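Each remark here refers to the structure printed beneath this line.
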Amino acid sequence: MGDWIVVPIVLPAVMAALIVLAVRHDIILQRVFSITATVALVAVTLSLLVYASGNGPEMYALSDWPAPFGIVLVLDRLSAMMVFLTSLLGLGVVLFASSEWDQRGKHFHALFQFQLMGVNGAFLTGDIFNLFVFFEVLLIASYGLMLHGAGAERLKAGMQYVVINLTGSSLFLIGVGMIYSVTGTLNMADLAIQVTNVASGDAALLRAGALILLLVFCVKAALVPVHFWLPGTYANAPAPVAALFAIMTKVGAYCVLRVYSMAFGDTAGDMAWLAAPYVLPAALVTLVLGMTGVLAAKRLNSLIAFSVIGSMGTLLIAIGLFTPEAISAGLYYMLHSTFSAAALFLIADLVVSRRGQFGDSLHTAPRFHQTGFLAVLFFIGAIGMAGMPPLSGFIGKLQILDAARDSDAMVWIWSIILVTSLMCIVGFGRAGSVLFWKSASVDGEITVEGAKWPVLPIIASCGMVSGLIALTIFAGPITEYLNGVAAQLFDTSHYIEAVLGANALSLVGQ
Amino acid sequence: MIKRYLPHPLLTLVLLVVWVFLVNEVSAGAVIFGLILAIIIPLITASFWQDRPRLRNVYGICEYGLIVLWDILVANVIVAGLILFRKTESLESKSVVVPLDLTSPEAITTLAGTITMTPGTVTIDLSADAKSLLVHCLHAPDPQSVVDDIKNRYERRLKEIFE
Amino acid sequence: MEFLVASSIGLLTTCGTYLLLRGRTFPVVVGLALLSYAVNVFLFAMGRLTINMPPILREGVTEYTDPLPQALVLTAIVISFGMTALIVVLSIRTFLEIGNDHVDGRPVGAPSEAGDKN
Amino acid sequence: MPFVVELIISLLIVIGGLFLLVGSFGMIKLRDLLPRLHAPTKASTVGLGGVLIASMLFFWIERGKFTIHELLITLFIFLTAPITANLIAKAYMLLNVDPNKELPPSKQNEGWATFDPIGPEGYDPSEEYQEKET
Amino acid sequence: MIDYALNFGFICVALALLMNLYRLTVGPTTADRVLAVDTMAINAIALLVLYGIGKATAMYFEGALLFAMFGFVSTVAYCKFVLRGDIIE
Amino acid sequence: MSLTLIVLLPFIGAVLPAIMIRAGRNACATATGSVTLLALILLMAKAPAVIAGEVFQVSYSWLPELGLNVTFFLDGLGLLFATLILGIGLLIIIYARFYLSKDDPMGRFYVFLLLFQGAMVGIVLSDNILLLLIFWELTSLSSFLLIGYWKHLPEGRQGARMALAVTGAGGLAMIAGMLILGDIVGSYDLTVILQNAGLIQASPMYLPALILILLGCFTKSAQFPFHFWLPHAMAAPTPVSAYLHSATMVKAGIFLMARMWPVLSGTPEWFYIVATAGLVTMVLGAWIAIFKHDLKGLLAYSTVSHLGLVTMLLGFGTPMAAVAGVFHIINHATFKAALFMTAGIIDHETGTRDIRRFGGLLNLMPIAGTIGIITAASMAGIIPLNGFISKEMMLEEAWHTMWLDQNWVVPLLATVGALFSVAYSFRFIFHVWLGKPRDENLPHHPHDPPFGMWAPPALLTVLVVLIGLFPAAIAGPLVAATAGAVIGGELPEYHLSLWHGLTPALGMSVIAIIGGSLLLMRHGGLMSATANLSRPDAKAMFDCGMAKAVALSRLVSDNLHNGSLQRYLAITIIGSIGIGLSGFYAQPDFQSGTRELLEVSPPAAIGWLLLVVTCIASVFMHHNRLLTLLLVGVVGLIVSLGFIYLSAPDLALTQISVEVVTVILMLLALNILPKETPKESLPGRKMRDGIVSIAAGLGVGGAIWAIMTRDLPNTISSYHLANSKTEGGGTNVVNVILVDFRGFDTFGEIIVLGIAALSIFALIETVTQGEAAKRLANWVVSNRRSADRHPMMMVVATRVMLPLSLMVGVYIFLRGHNEPGGGFIAGLVVSVALVMQYMASGFGWTQNRMKVNYHGMIGLGVIAAAITGVSAWVAGLPFLTSGFVHVHLPIVGEFELASAMGFDLGVFLTVVGAVMLALAKLSQVERMAEHVEINTEPMDHDPSLSAAPAATPGKEA
C-alpha cells in the first residue's frame, strides 16, 4: 500500500492543524472539515483493511531508513482492523458531536482529529518508543477532549485521569529504557529477535522492564489494579468523548497483544508468554470489579463506565489466554465492546440531555421526550453490553467461553464470566427500569429546550447500534478474518521478515 | 526611508557584533548573514521600541564605559574586603536618596545599573515619578559623599550621552 | 560516578513519588515534575555514562556516547513539558471550579479548608 | 603555551573562583538581605568575568583561535545583574520593610515606586503599615 | 598549572554553590531565596566555563549563554511573582 | 425454507403492530394475528408429515468456526410446542385486543408479544443448542418486557426484573451446560447430540452439564427452589400470564428436558434431581395455591404445581412416564390458558382479583362461569375431562416408582399433590362461581364479556372436553408423534382413554378428590392456621438478597473507588514495583555487571550533594509552595549541569529552557492556588507514602545501577553515528536522529505540544462560566502588592534583551543540525524573549505589538512539518525522508540546506505558538482574578514624557 499506510496518521494531523490555522472561528466549517476528513479516513482505512486481508504484513519505513534504525509503520491484519475500527467509531462520534457538543468548548474538532491521529499511530507503529509518542499524543488529546466544556466533576475526574496517566507515561519510559538497555533496539520486530539473544545475566532486567511496560498497557486497558482512572473519567467525560474513549482502552489491549505475542511470544525462549500469568488473573478480577460497579452504580454514566471495565476484563481474559482461538474470540469481543460502549454512551447522552436537571442520576424522574424511542435504543445497547442474545456480545462471550475450554483456569473463567453477566443484566435491568419505566409512575413530563429530533446524534447512535447488529449478522466472515488476524499474530516470522528483511530470522540465536 | 528600514542603526550594529560573537568567527559569510539578521530583527521588534532617543556622543560612551569598568573592578575588591574582613555588626549599611536630573528612562536605567555595579552601592528602588533613586550602601559612613560621587562621576556623563 | 547517578535517580524518584502521593494538586504537580526528571535521567543513563564524548561528529574522533537515548530523552522532555503545562492549568482550573485543590477524594462541595482535617 | 600566558590564565581562574566564593560567602555572612545583595551582584561579575577572560585567553592561545563569544555572556550579565538586584530588593522591601519608618523619603512628589503608585489614587501598600499600627 | 587552577576554581565554585544552597533552604525571606537561586545560576555558568576550559572544548558555551539568559528570566519571574502575584499583567 | 420462515415470521412481523397501531387497534390486532396465523398455517402444512414420522430440517451457516449455525428441525416434539405457541398465541392476540384498555399502548404490546412468540418458536425448532440458547435468552428478555408492560405498576417492574434475574441466571448456567455438552459430543447440533447418549452419560462432565442445564430448565419452568418468580410475574396483563406463564415460556424448561430426555435421562442423577424437584414443586405449589387470595396467584401456583408434575414425570425416566408427561403438557396448556383468560375476564369485569370478594359469579356471567368451571374441573382431574386422563397416567407412574428404595414416598406425595390440586381447583369453582356473592360492592358490575374475549377460552374449553372424551382420536397422533420424539425410540404400550379399570391410580384419584373436597371445607380454619405460620416469603428473600448484593457491591465498589487520587496512585506505584520485582526475580539468573565505572570527580560529587540536599529539602519543605518551586528549579539546574557533564549538551540546553518556561507557568498557577500546602497527612499516611516512595526509589535506582554497571549491547545507534553525516547531512547526531532518523517521533512530539496548548486554551476559555467565573469575580488579592506594575528599569532592560535574544534564537536554530541546538530550543529561547516583554510591560501593551496569532502558528508549524514530510512523496520516497544539498554562494561561502530544516522550522513555530498561547491564555485568568485594567503603556511612568499625562496604573482590588 506504500504511502497510504501513513495516511491514517498524517491526514488527521494535517486536518487538525488546518482547522486550527484556517477555520477556528467558524464552527460550521470546522464540522465540514472534520467530518469530511473522517469520512476520507474511513475510506482509506477500509482500503487498508481490504489490502491487509489479502496480503502479508507490510512495512513502511519512515524517512526511508531501514528498520530497525528508523521508525517503521507496519500494516498487518490486526493494525488494519484497528485503524478501521477507529475511523468508524470516529465517524460516529464526530457526527454525534457535530450537533451541539462541539460548541460547548473550544477546539473540539482539532483535538478530535489529533486524537484519531494518536490512536491510529499507536496501532500502526512498529517501534516501541514511537508507540510511547503516540500514546502521549492520544493521551493529551484525550485530556483536552475529556475536559471539553469543563464542569466541576469533570475537572476533578480529569485531574485524576491526567495524573494517573502521566505516572503511567513515566513507567512507560522506564520500561522502554530497561528494554533498550539490554537489547539495544526499539523496533518491535528487532526486539523479537534480540530477546532471544539477550545474555542470560541480563534477562532479569529485560523481564522486569517488559513487565513494567505491561503494567503501563494495563493502565490504558483499565485492568485491575490500575483501572482506577476509568470510572471517573468515562462517567464524567462529554458523551461523544466517552464514546470515542471506547477505543482508548482497546489501545492498551492491542499493545498487550502486539508486544507480548510478538516479542515475548512463542519464540522468546525462557521468556515465552511472559505476560500470561499476570493478565489472566487480573482480567478475571477486573471483570468481577467492573460488574460489581455496574451493580453498585448510582449514575447512568458510571454504570456504563463500569460495564466498560467489565468488558475490558472479558476481553483481556481472552487475550490473557494467548491462544489463537482465544485471541480471535477476544478480538471479536473487542469489536463488539467498542461499538456497544460507544453506543451506550451516546444513547445515555440523548437520555441525559432530555432529563433536564435529573441528569444521569438513577433516581426516579418524570417522563421525558422520546422515552419510547430511547428506551428501545437503550435496551439494545444494554443487551449488547450485557452480552445477551441475539447481539454480538453474546456471540463474543460464547466464543471466549469456548476458547477457554482448554485453559487450566477454565472453571474460573467460565463461572466468573457467567456470574458477572448476570450482575450486568441485573444492573442494566435496574437502570432501565428506573429510567424508562418508573418515570411512568411519576406525573408530569420533563421538557428540555432544544432539538426535538437531533438528527446527527440519532444517526450516530443508530450507527453504533447497527454496528453491533452487523457484527452479529456477519459473525461468520468476521470471525474468519479474525482467525486470520490471530494466525498472523502467532506467526511472527512474516512480520519480522516484512520489517527486517527476508534473512533476519536466520540471525536468530547468533 | 532609512529610518523606516533601519530604525535603530546602533542596534543594528550591536546585533551584528552579537552575531559575530555568537558564530565566533569573522568571515564574509558570517558578517553578511549577520547583517541581514541585524536589519530584519530590529524591523520585527521596532514596534516594541519606538521613538527612543538616539545616542550620539560616541566618545562619551567609550569614556563612560571605561570608567565604569574600572569602578567595577575596584568595587569588587572593596566589597570583597568588606565581606571578608569586616565584622558584619560594624558595617554601616543604609539607604540614601539620589535625586535625578536625568529624564530618559534609558539614561536612568543605565545610571541605576552603574550604581549597582560600582562600589558598595545597589539601586534598590526608584521613586514613582522617576525623579529619585533609592540606593543602598553596604558601608557608607558618609552618605552625602556617595550621592555626590554618583551625581558627578556618572550622572553628568550620562546626561551628555543621552541628552 | 555511576553510583551517584543511580542514587540521584533513586532519590528523585523517591521524592517525586512522595509528593505525588500528597492530597493537594500542587505537590502532585511538583511530584510529577521530579518524577519526570528521574525518568529522563533514567532514560538517558540507558546509554551508559560517558564524559566528554558528546555525540557531535568531529574529525578524528571515533568514540561517542550513545546518541539514541539522548534523542529519546529530548522527546520525553518536550512531551513531559507539554503535559506539565496542561496539568498546571488543569489544577488551577479545577481549583477555580470547585474551590479547593484536594485530590484526596472528598466530594465536590465538601468542606475544604485545612482546619477540618488536622 | 608560554608560561606567562599560562600563569595569567591560571591567575584569572583563581581570582575568578575566589570572587565567586566571596560573593556567595557574603551572602551567607551578611545578616540582612539588602547588605547581602551587594555580595553576589558585585563579586560575581568579576568572578565570572575573570573566568570568562581566562577562557577567552585559553582558547586563543591553546587553540590559536580568537574566541569572543564569552563577551556575550558578560554582556548579558552586565545587562541583567542590576535588574535582578533591583527586583530582588523591591521584593524584599515590599514584604519586609516599612516604607514609612525604614526608608528615607524620596524628596519628590511621589514616594518609592514599590509602595506609592503614580498618580493621585490607587492602591498603596504602605497604607497597610499604618493600619497595622493603629 | 592550569589544571591546578581549574581544580581550585571548581572547589571555589562548588563551595559557593553549597553556600547558595544554604541560603536557599534557610531563607529567611523569599527574596533571600530568590537571590540564592540567581547566584546559583551565575555560579553554574562559571562552572560550565571552567569545565569548558578543562575539556578544551567550546561545546558548553551555548549552555552557559542560555543559563545566563534563562537565569535572569526566572529570577525576574520570581520577583515579579512576589511583587505583583501576577507575573504577566 | 418454510421452517425458517415460521421462526422468522414473528420477528419480521414484529414491526407490523408498531406501524399498524396508527391505523387503529383492530387493524393492529388483525395484523398481529395474521402474522401468527400465517406461521401457524405454515406449521400445520407440515403437521401431517411430521405426525407421520418425518423430520424437517434446514440449515444456514452463520458462525461455523464456533459451531453456531442457523439450523432448524421440526419433529413431533417441536410440532407440539410450536402448535401450542402459535395456536394459543393466536387466541391470546384476539383476547388481548379486547382485554387491553384504551390507555394501554397496544402496538407495543403486540410487538413484545410477537418477539416473544418468535423466540419461543425458535427454541422449539432449533437444531443447534447454541442457537437454542440465543432464543432461550431472548424469551427471558421479551418476557421481561412483557411483564413490565404496565410500567407504572411497581409490581410489574419488580416482577419483570425478578423474572429476568432468575431466568437470566438459569440461562447463563445453561450456556455453560450446553457448552460442556457440545464439548463432550464435539458438536453443537442437537441431532448429533441426541444420538450420543452413551458418550454423554459416560463423560465425567455429565453431572456438571446436567446440573447446569437443569438449572436453566428449572428456573425457566419455575421449579423448586426457583418457583418464586412466577407468581410475581403475574403483575403482567392477563394475556401475558395466560400465554407466558401457562402455555409457553414456563414450558420451555419442560420442553428442553423433554428434548434432552434421550441423552440425559435414565441415570440416577437425573432421576433424583428432576423427579425430586418435580415432586416437591408439585406438592409445594399446590399447597401454596390453596391459600392464595389473588385469582392469578392461585393459578400461578397451580401452574407451578402442574409443571412440577410434568417435570416429575420426565424425571422418572421411563418411556411411559414421558408419554404421560407429554400428554399432560397438552392438557395443561389447554385448561390453564383458558383458566387464565377466565381470570382475566373476571378481573376485567369486576375490577378485582381477590377471591374473598367473589361468589356466585356464575349467575352474573354464565358463559365465563361455564368455561371457568369446566376448565377448573379438568385441572382438578375430574372425569371426563382431559386433566383426569393425564393425572391418572401420572398416578399410575408414581405408583410404580421407588424413591431411595422406598415404594411409598412417590405415590403418597403424588396423591397429596393431587389432593391439594383438587382443593384449589374446587376453591376456584366454589368460592368464585358458586355460592352466594360475598361482596356486593365490587368495583364494576360484572357481566359477560364481549365475544372476542370469551371465544378464545371457550375454544380451549371445547378442546378440554373433547380430548377428555376422545383422547386417542384427538390427541392420540400428536401425543404419539411427540412422545416418539421425546423418547427417541420405540413407544411403549399405552392407551389413551378415560377408563383403565380399577387401578391403584383410580384409588389415589378418588382419595385425592375426596380429600381435596374435605380440605376445602376446612378451608377457613386452615387459612387462619397457616396465616400464623411464618412462611418464607420468596419475594422478600429475593428482594433482600438483591438489596444485599447491591449493598455489597456498593460497599466494595464505592470504598474501592473512593475518588482519592492518593490511593489510586499508591496502588499503581505499588503495582509497578511488584510486577517489576516479580519479573526480576522470576528466575534466579541475574548477574551483576562488570563494566568499568567512571571516577567521581569533585564537581560531580558536589553536584550530587546539591541534588540530594535539594531533593530532601523539597520533600520536607513542600508546604511552602514557592520554596518548593525554587528547589525544583535548582534540581532542574543541577540536572542540566549533569547532562552537560555527561556528554549531552543538547539535553542540557533543552532542559534548562524547558525549566524556565515551566517555572513561569508554575508561578502563574501559584498565584491562583493557595500559597501553602496545609499539613494534613496523618503520621500513618506519611509512613505509608514514605515506604512506598522509598521502595519506588530503590527499585528505579537499583534498576539503573544494574544497567549502568553492565556493558551496552550492540545498539541500533551505531548505525546512526555512522550515517549521520553521510546520509543525514548533520554532525549533531542527536539532532539528526530527532529530525531525520526518528523524525516521526518529533512530529508526534510537536503535536503533543500543540495539543497541550490548544487544550489549555480550551480549558481556560470556559473559565468565564459557572463557579469559576464567580470565584474569579470575587477574588480577593491576599498578598501585599507592589505599587508599580511595570518597573521602568526592567522595561528598559528587556527592551534591549529582545533583539539580542532573538538573535540568539536564530543562531541556535541554524546550528542545530551540526551543533547542539535546534528548532525546539530556539523556539523556547524566542518564547522566553517574548515572555520577558509580557512580564516587563504587561499583557495588553505587548499583545498589541504582537503581529502573529499563536493558534495560527501552531497550525502552521504542524503543517510545515507535515509538508516537509509529504514533499518526499513527490520524489517517490516515504514520508519525512530528508534530503540536503551543499550550496555555494559567492562571498558567503558554502553552506548546507537540508529539508530537515523545514521540519525544524515547523518544530520552531509550533513550540513558539504553543508556549505563547498557553502562557498568554493562562495570564488571562490572572487578570480576571486581579481585576486589573489592561495596560496600554509600556511602563507605569515614562519620565521623558513629562508633558504627557501619567499612565494609569491599574485599579487594585
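Note that the chains take the letters A, B, C, D, E and F in the order they are written out, and that residue 1 is the start of every chain.
Everything below uses one rule, namely that a contact is a pair of C-beta atoms (placed from the backbone, for glycine too) under 8 Å apart; a residue touches a chain by one contact, two chains touch by 3 or more.
Going by UniProt, the chains are A, B, D, E = Cation:proton antiporter; C = NADH-ubiquinone oxidoreductase subunit 4L; F = Monovalent cation/H+ antiporter subunit A.
What you see is a predicted model, and the numbers here were worked out from it, not measured in a lab.
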item: Steps in the shortest chain-to-chain touch route ending at chain B (Cation:proton antiporter) and beginning at chain A (Cation:proton antiporter); value: 2
item: Innermost chain, where centres are averages of C-alpha coordinates; value: A
item: Between C-F and D-F, the pair joined by more C-beta contacts; value: C-F
item: Most distant chain from chain E (Cation:proton antiporter), judged by the mean position of its C-alpha atoms; value: F
item: Taking each chain's C-alpha mean as its centre, the one farthest from chain D (Cation:proton antiporter); value: F
item: Chain C and chain D (Cation:proton antiporter): spacing of chain centres that average the CA atoms, whole Å; value: 31
item: Interchain centroid distance [CA atoms averaged], chain D (Cation:proton antiporter)/chain E (Cation:proton antiporter), Å; value: 12
item: Gap in Å, rounded to a whole number, between the CA centres of chain F and chain A (Cation:proton antiporter); value: 16
item: Averaged-CA centre spacing for the pair chain E (Cation:proton antiporter) and chain C, given as whole angstrom; value: 22
item: Residue list for chain E (Cation:proton antiporter), restricted to those that touch at least two other chains; value: 10-11, 13, 17, 30, 34, 58-59, 61, 65, 69, 76, 78, 80, 82-83
item: Numbers and ranges of chain A (Cation:proton antiporter) residues touching at least 2 other chains; value: 129, 133, 136, 140, 143-144, 147, 150-152, 156, 159-160, 163, 167, 174, 177-178, 180-181, 186
item: Residue numbers of chain B (Cation:proton antiporter) (touch at least two other chains); value: 18, 22, 24, 109, 112-113, 123, 126, 128-131
item: Touch list for chain F against partner chain C, complex; value: 562-567, 569-570, 573, 595, 597-601, 604-605, 608, 611-612, 615-616, 618-619, 622, 625, 628-629, 632, 635-636, 639, 642-643, 645-651, 654-655, 658, 661-662, 665-666, 668-670, 672-674, 677-681, 689-690, 692-694, 696-705, 707-709, 711-712, 715-717, 720-721, 724-725, 731-734, 737-738, 741-742, 745-746, 749-750, 752-753, 755-757, 759-760, 763-764, 767, 770-772, 775-776, 818-820, 824, 914, 918, 922, 925
item: List of chain E (Cation:proton antiporter) residues in touch with chain D (Cation:proton antiporter) within their complex; value: 1-2, 4-6, 8-13, 15-17, 19-20, 22-23, 29-32, 34-36, 38-39, 42-43, 45-46, 49-50, 52-53, 56, 58, 61, 64-65, 68-69, 72, 75-76, 78-80, 82-83
item: Complex contact set, residues of chain D (Cation:proton antiporter) against chain E (Cation:proton antiporter); value: 6-7, 9-11, 13-14, 16-18, 20-21, 23-25, 27-28, 33, 36-37, 40, 44, 47-48, 51-52, 54-55, 58-59, 62-63, 67, 69-70, 72-73, 76-77, 80, 83-84, 87-92, 94-96, 114
item: For the chain A (Cation:proton antiporter) and chain C complex, residues of the former touching the latter; value: 129, 132-133, 136, 140, 143-144, 147, 150-153, 155-156, 158-160, 162-163, 166-167, 169-170, 173-174, 176-178, 180-181, 186
item: Residues of chain C touching chain F in the complex; value: 1-30, 33-34, 37-38, 40-42, 44-58, 64-68, 70-75, 77-79, 81-86, 88-93, 95-99, 101, 103-107, 113-114, 117-118
